[in-house]
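Only one structure is covered here, and it is reproduced in the block below.
Letters A, B, C, D and E mark the chains in the order given here, with residues in each chain numbered from 1 onward.
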Amino acid sequence: MKVLELRTASLLVGLAVIVALIFIWQGNAYALRMLAEAGCLAIVALGLNVQWGYAGLFNAGIMGFIAIAAFGSMLISYPVNPVFWQSEAPGWLLRMALIIAIGGAVTVLLSRIDRYGVPRRIRTMLTIIAALATYMMAQNALTPAAAIIEQNSGFIGGFGLPVGLGWLVGGVFAAVLAWFIGRITLGLRSDYLAIATLGIAEIVKAFLKNADWLTRGTLTVSPLPWPVPTPNEIGFVVARAAYLSITAVLIVIIYVLLQRGWASPWGRMMRAIRDNELAAESVGKNVNRRLLEMFVIGNFIVGVGGAALITFGGIFDPSGFLPINHTFLVLIMVVLGGSGNNLGSIFGALLVYVIWTMSEPAALILFRYGADWLQNVFNIAPPDDLATRALQMRVFVIGLTIILVLRFAPKGLLPEKIVKYE
Amino acid sequence: MKSITRRLLASATLGAALLAGTAYANADVKVGFLGGFTGPIESLVPPIFAAAELAMKQVNEQGGILDGQKVDFISADSTCADATAASNAADRMVNSEKVTALVGPLCSGETIAAANNAAIPGGVLLISPAATSPALTGLDDKDLVFRTTSSDAYSGEVLAKILKDQGNENIAITYVNNDYGKGFADALESSFKALGGTVSAKEAHEDNKADYRAEIGSLSASGAELLVVLAYVDGSGSTIIRQALEGGDFNKFAGGDGMVGDAIVTNIGEGKLDGMVGVRIGNTTSPGTEVYNKLAKDAGLDPNSSFGAQSYDAAFLIALSIQKVGKDTREGLSAALREVSSEPGEVILPGEWEKAKKLLAEGKDINYEGASGSHEFDKNGDVPGNVIHMVVDGKGFKDAKTQ
Amino acid sequence: MRDIHAGYGGANILNGVTIEVEAHEIGVIVGPNGAGKSTTLKALFGLLNVSQGSISFDGKEVTNARPENLVRAGLSFVPQEFNVFPTMSVRENLEMGAYTRRDDFRYLIEKIFEYFPPLRDKHKQPAGELSGGQRQMVAIGRALMMEPKLLLLDEPTAGLSPRYMGEIFERVIAINEAGVGILMVEQNARQALAIAHKGFVLAGGKNSFTDTGQALLDDPEVAESFLGGGTKH
Amino acid sequence: MDTIGLLSALPINELVFFINKVVIAGLIIGSIYALGAVGMTLAWGILRFANFAHGDLMTLGAFIAFMLTMAMPGLGAYVGLPTAFVVLPIAMAVTALVTILIDKTFYVPVRKTNPKPITLVIASFGVMLMLQGLIRLFFGTAPRQMYVGSKDIYRIPFAGRDIVITEPQVLLIVFTVVAIVALHLFLTRSRTGKAMRAMSDNADLARISGIGTAHVVRVTWIIAGSLAAAGGTLLAMDVSLKPDLSFNLLLPIVAAIIVGGIGQPYGAIVGGLIVGFTETVAVFNWAILLRPLKPHMPDWLELPANLTFVPTEYKIVVPFVILVAVLIWRPNGIFKGKVL
Amino acid sequence: MTTLIEVKNVSKRFGQVLAVDNCSLKVEQGTITGLIGPNGAGKTTMFNMVAGAFAPTSGTIWLNGKNVTGMPAHELFECGLSRTFQIAQEFSSLTALENLMAVTGSRSEESLFDACFRRAKVVRDELAVRRKAEEILRILRLTHVRNECAGNLSGGQKKLLELGRVMMADPNVVLLDEVAAGVNRTLLNDLASVVESLNRDKGLTFFVIEHDMDLIARLCDPVIVMAAGTVMVQGPMAEIRKNPEVIEAYFGGGTAMGRAS
């Protein structure tokens, strides 16, 4: 117990020293930005920790959840586009929504008629026909709407509501998506969830990228409104400090709530399910439902963090969601920090983000020294595109970190703590 | 415990080394380059960076900047796609490296992100050599964001007109699914329709996929006689044209500036593309292009690589502006840029750094006529569209008018 | 000649078991569930780590030897369940049994088809599609492919109908008469002890009785505590 | 009309178009998927984890072939085949070696701790990223041409139009068929091949039967690595070589594996072809097949210019939709892969 | 006496194997009913169907007058059915105490919302649960390992812990799956007395699969004998032992027997 505490403390102090060094080296403005971004990613990491650390659910599609949440947040908080509302497009969209609602309901009903004695094959056929019909009719309503929107106003714009609400809705979007995916895959083996989420993330990205009427697609939406005044208005340091404090408050709230949950019967149940599904089922835990609950809650948090991250960047660009930056980076944060330990996830998020952002200047300097040395000692001319190649090392470093952590600290730097009652 | 101490020690040493590294280069004038060294256009970036580096190398070799100082030209990875990473990289340039001005970023999305997040609040002049999206025009940029390439909208119009004049009635467009491709394709489609032509298919494709046969099939099924490819030579562009040729789907092609590069002929084979139409932003009346072509070839670069000339110009213009201001400061650079790039003044061609420096020292006006045009910036920081009609003939693209 | 001394300790399942089977004998291990019967076999075959004690086979020390080497030394093991390769044909299953052999073993497959005639007709069928009894035959056949000196059987009759059970026991006797030593774990203690030369009664991970099969059957104490006392015989 | 009967009514031109765009294109991309999927599914079945680094092994193999091609550009001329194809066996061998080294250095230590399968998946993500970084570090990011000189294009006249296929495509298809037949013979006839199937079926029983685990694992990696190298090289020959070549293929390959059932090499082949064909069929413009019917159609029925199931920009979604559909209806794949 | 569990004409087929063949049986309230039979007789399959691990191919299962055919295990738990496993299934990274506390009885306590925002209620509930768990640990003489991870306990202790979980649940009926497996004699005696006292004092009904005839004889009345997928006979142990059919099926017979005799 004592040793663990000491370890935690010294790691945190070490991290603080590193952050302080970065303040000195890179200046306040940059260091604050790095912290703000790391803070947003820490929220995402907490969300993943709920899934991977608490419930053992491996979500390999964080990128998709961040993307959909960023979209939700953009939709809510971006200023209203009056051109769109004055056109006839909203009418068409309403019509499409109605068609989807009715068609969806009919499809769902048809998919259940086998309970009333209709042969399964006929049911399947009818369901497929209904789904196709709904799809085509909705498409028919959408085509003119999309054309009008894209011609007149670019995209539908937002609702101009507060940013905070946007983040919340972003989280809800991610949670709803998670619910659908969870329903499909949670009954299956663990790697299926990884594959399914990996795929869903790409689907979400493809949709956001190509639904120009809704998201402006590749033409990107900017500037996204901030919850605090932007650097343009009040300067880098103050604006970022304000943003950072909002993220910090969010982290604290989420952390406290998750810790409370972790130490409560709910957390105990989740750990029980993770340990032994068979036994959990036998003592009355509805395993699949609870896992789904975890998956949804986790993705809600991921969504909030993702929305905050994208808002900080100030631009919604669907092509900007990349597996390496938005999935693997978060994954390594949780694994390195220690899955099942919330403090570990926050710690991991900060440390990994520092490594990630600092690896670039560090690699450049190292490569330059290396090149000088090569030149001077062996008289070998370094390749011309040395700088470019140095930057590619980042990906390698992240990969190496994953392997090293798995090998030397499989439980992370701050491992999960056993809950003990004295 | 032991491992922690070691880690702390290691990180401290590293930090010290880095600090030392930063201090060591302090006396020089710092200019930053942002580009997507990783990510979707990673294959396009190195030549663009090399072209800008060439400009800075010339500056350093020809007596240096200001009072013989060197330009320290540093680069960072803005990933093209990830706005967070782009603004992070830009921010480090602006706030940590404290650069005087920035070349790049290249993609429009990342340019907006970098500008809004770092360059504009930091008061840093930013010249993008490749961001072609119209969205940049309307940016509230405090007169800090410029570009040496014109907006897609104009290129689209010109291409439409060329195609229509050549007697094409029915075209198919495929574009790389990003802001560049999309903007260009939209402009081309509407212009071509306005001229009375038919666009029977207009489809996006993802860059860097292995295979586009299915997409090509869909395009060719539309019955169009000519395929416009709005992509990058080193990206999907070559693949699509090659597969379309191999499959016998199209034999007439046209392309935007991303496609104008001699590599396309090397990739596909000499003689197979003769007559392919291309447009590129630039100015044939400017002798700068030819000068640059020679300079680039001597330096071992491909003069026709996508956005290479624009990148060279951006870097050279920044050096000129700094020289014009006379000291290493961010203030007044925009105004200086407008002065050195526009009339009146003695014409400076690419590579003529010594001459420019001398003229500036004498207090004379100069007017840079660059590799990719004369760069008369308007109030939004855009250059007026000046589009050249190119055509493939033999080994590569030639100016159609000189034929 | 062939002695197996096995003693284990430390692990919470086996706490010192000694089994000794001579060549050509049938040894039967019986005992309540959880007594460590299957564990004993697994430990013998190098599938579990033996923390204490030693195992020797054919005069050689083989404690914690790798299964591959044990197979080469002439020891074969038929696990209780999952004892065939379900997607492979019957013939391929048998071939897998002879994996470490380099000679021509087709005659052996013929011999096994003679032992288990139903397999001959189904030799091309995937083993996963066979009935339980036939699968058990395949499993035993696979183990015999190495012409082992000693065959370890883990509950060969588990889950089989009485008809098959009898058949399997008959085969076991036949195999033994052909010169193969047998050590098996059985739930059907009475039937198994009846054919055994030597019986071992395990309880709580320890030997509790060791004698000839018939002697154990006749021992009232054994009958009382392990065979369901009160039955007439 | 000089021909009579049904034949004249057949839209020959359009049919040839369909063959070119759907049948051949699907066959080509399907073969690539199949080559990738077979190796990955074998490793998945035997080692019980999805090796996500497999896609990058394909790229690595292609780059090794590329280096060999550059080293001896004239080699192909002797045999009358493209150099890249001639050096392919060497590239396959080198990649196989690298694959074994990766296993020894990265996977074995993790495997020794007896982890959950998902831990190995995470490790493979790490290896994947490392490979990506190293490939870019050593080879740069510029696309490269595998071909020395230009490639041959075969045009087979068929009812007035040409069925078009290029030399690397022919080589790819021939190679795939040969590789599949060879693999089939290996798995069903050879001792080691049977041992692999045995191990995939029931690893414990395989050990009991005296099958050396280490040996089988090694052979599995050799097959996976060399087929990956072959797939990557052949793809790079058909199109061009880029560092992110096969990362783009990874998910369709996984889809192919799931469709075919994990651990089922034949399933992976069929799955690869299914995914390949579905992709081409999904974005195929069916309007062209209806066009000949136009004169016979009533006037009010206007033929749309574009009649596809999926717009081309959503093509990348197709494998995932297949994947999700299979996960819902047949989670063990259509060939009933094992439940791990 | 009311019938607690009733199995009516249940069959279960696995591929080609008919594991349970049109089988019916009853467990009466307040009894400790034993289920014995040779391996492969279908008793484990039967047991798993009653416990909700899988649904029967045909037939119905009733619990306390309610049709529970195909009901998943966690819902059966809500209906008052609790079980143990042949191989102890513990929550390995939870302490012994937590293993018991994980059985809270009612689902409403395990809500994240409550944990976050209604702390007083949670603390109050937790205290009650904890007291109960401590008490059960004391009865089971496991107090000394209360803060030990369950994964580190011995096999027998894990079995006790399982029984403890059952006690936490206050069920109507308990399914015991081979309690004796892997448990030494002394501990087995403890287990048996716990079962007996639960049955006697709290009126708990037990349904037990067991191979240990001693234990069956000590605890169970009546005993159901299954063979070849059906119920062969039912009655007190003493009678069962005398039944020639049972002796034939369970304790031996057949050809091999012939040779030895």
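The rule is short, and it goes like this: a residue touches a chain if its C-beta (ideal position, glycine included) is under 8 Å from a C-beta of that chain, and two chains touch if they have at least 3 such contacts.
Nothing here was measured: the structure is a model prediction, and the numbers come from that model.
Visitor: Would you mind checking the shortest number of contact hops between chain B and chain C?
Guide: Between chain B and chain C, the shortest chain-hopping route counts 2.
Visitor: Between chain A and chain E, which partner chains are common?
Guide: Joint contacts: the list comes back empty.
Visitor: Comparing A-B against A-D, which pair counts more contacting C-beta pairs?
Guide: A-B
Visitor: Go ahead and note the Å separation of the Cα centroids belonging to chain A and chain B.
Guide: 32
Visitor: Just how far, in Å, is the C-alpha centre of chain D from the one of chain B?
Guide: Here the centre of chain D sits 36 Å away from the centre of chain B.
Visitor: Counting in whole Å, what is the centre-to-centre distance of chain A and chain C, each centre being its mean C-alpha position?
Guide: Inter-chain centre distance comes to 55 Å.
Visitor: So which stretches of chain A touch two or more other chains?
Guide: Where chain A meets two or more other chains at a single residue, that happens at 209-210, 385, 388, 392, 394-395.
Visitor: Which parts of chain E, given as residue numbers and ranges, touch two or more other chains?
Guide: Within chain E, no residue touches at least two other chains.
Visitor: Which positions in chain C touch two or more other chains at once?
Guide: none
Visitor: Mind pulling up the chain D residues that touch chain C in the complex?
Guide: Residues 188, 191, 194-195, 197-198, 201-202, 204-212.
Visitor: For a test of understanding, state which residues of chain D touch chain A in their complex under the given definition.
Guide: These residues of chain D touch chain A: 49-50, 106, 109-110, 113, 115-119, 121-123, 125-134, 136-137, 140-141, 251, 254-255, 258, 311, 313-314, 316-317, 319-321, 323-324, 327-328, 331, 339-340.
Visitor: Mind listing the chain B positions that touch chain D in their complex?
Guide: Checking each residue of chain B against chain D gives 37-38, 42-43, 45-46, 177, 200-201, 203-206, 208-211, 213-218, 220-223, 234-235, 238-239, 242-243, 246-248, 267, 269.
Visitor: Give the list of chain A residues in touch with chain B in this complex.
Guide: Residues in contact with chain B: 6-7, 10-11, 14, 17-18, 21-22, 24-30, 33-34, 37, 209-210, 212, 217-220, 222-223, 230-232, 235-236, 239, 309-310, 312-315, 317, 319-322, 325-326, 357, 360-362, 364-365, 368-369, 384-385, 387-388, 391-392, 394-395.
Visitor: In the complex, go through chain A and note every residue touching chain E.
Guide: 257, 260-261, 263-269, 271-272, 274-276, 278-287, 293, 297, 416, 418-422
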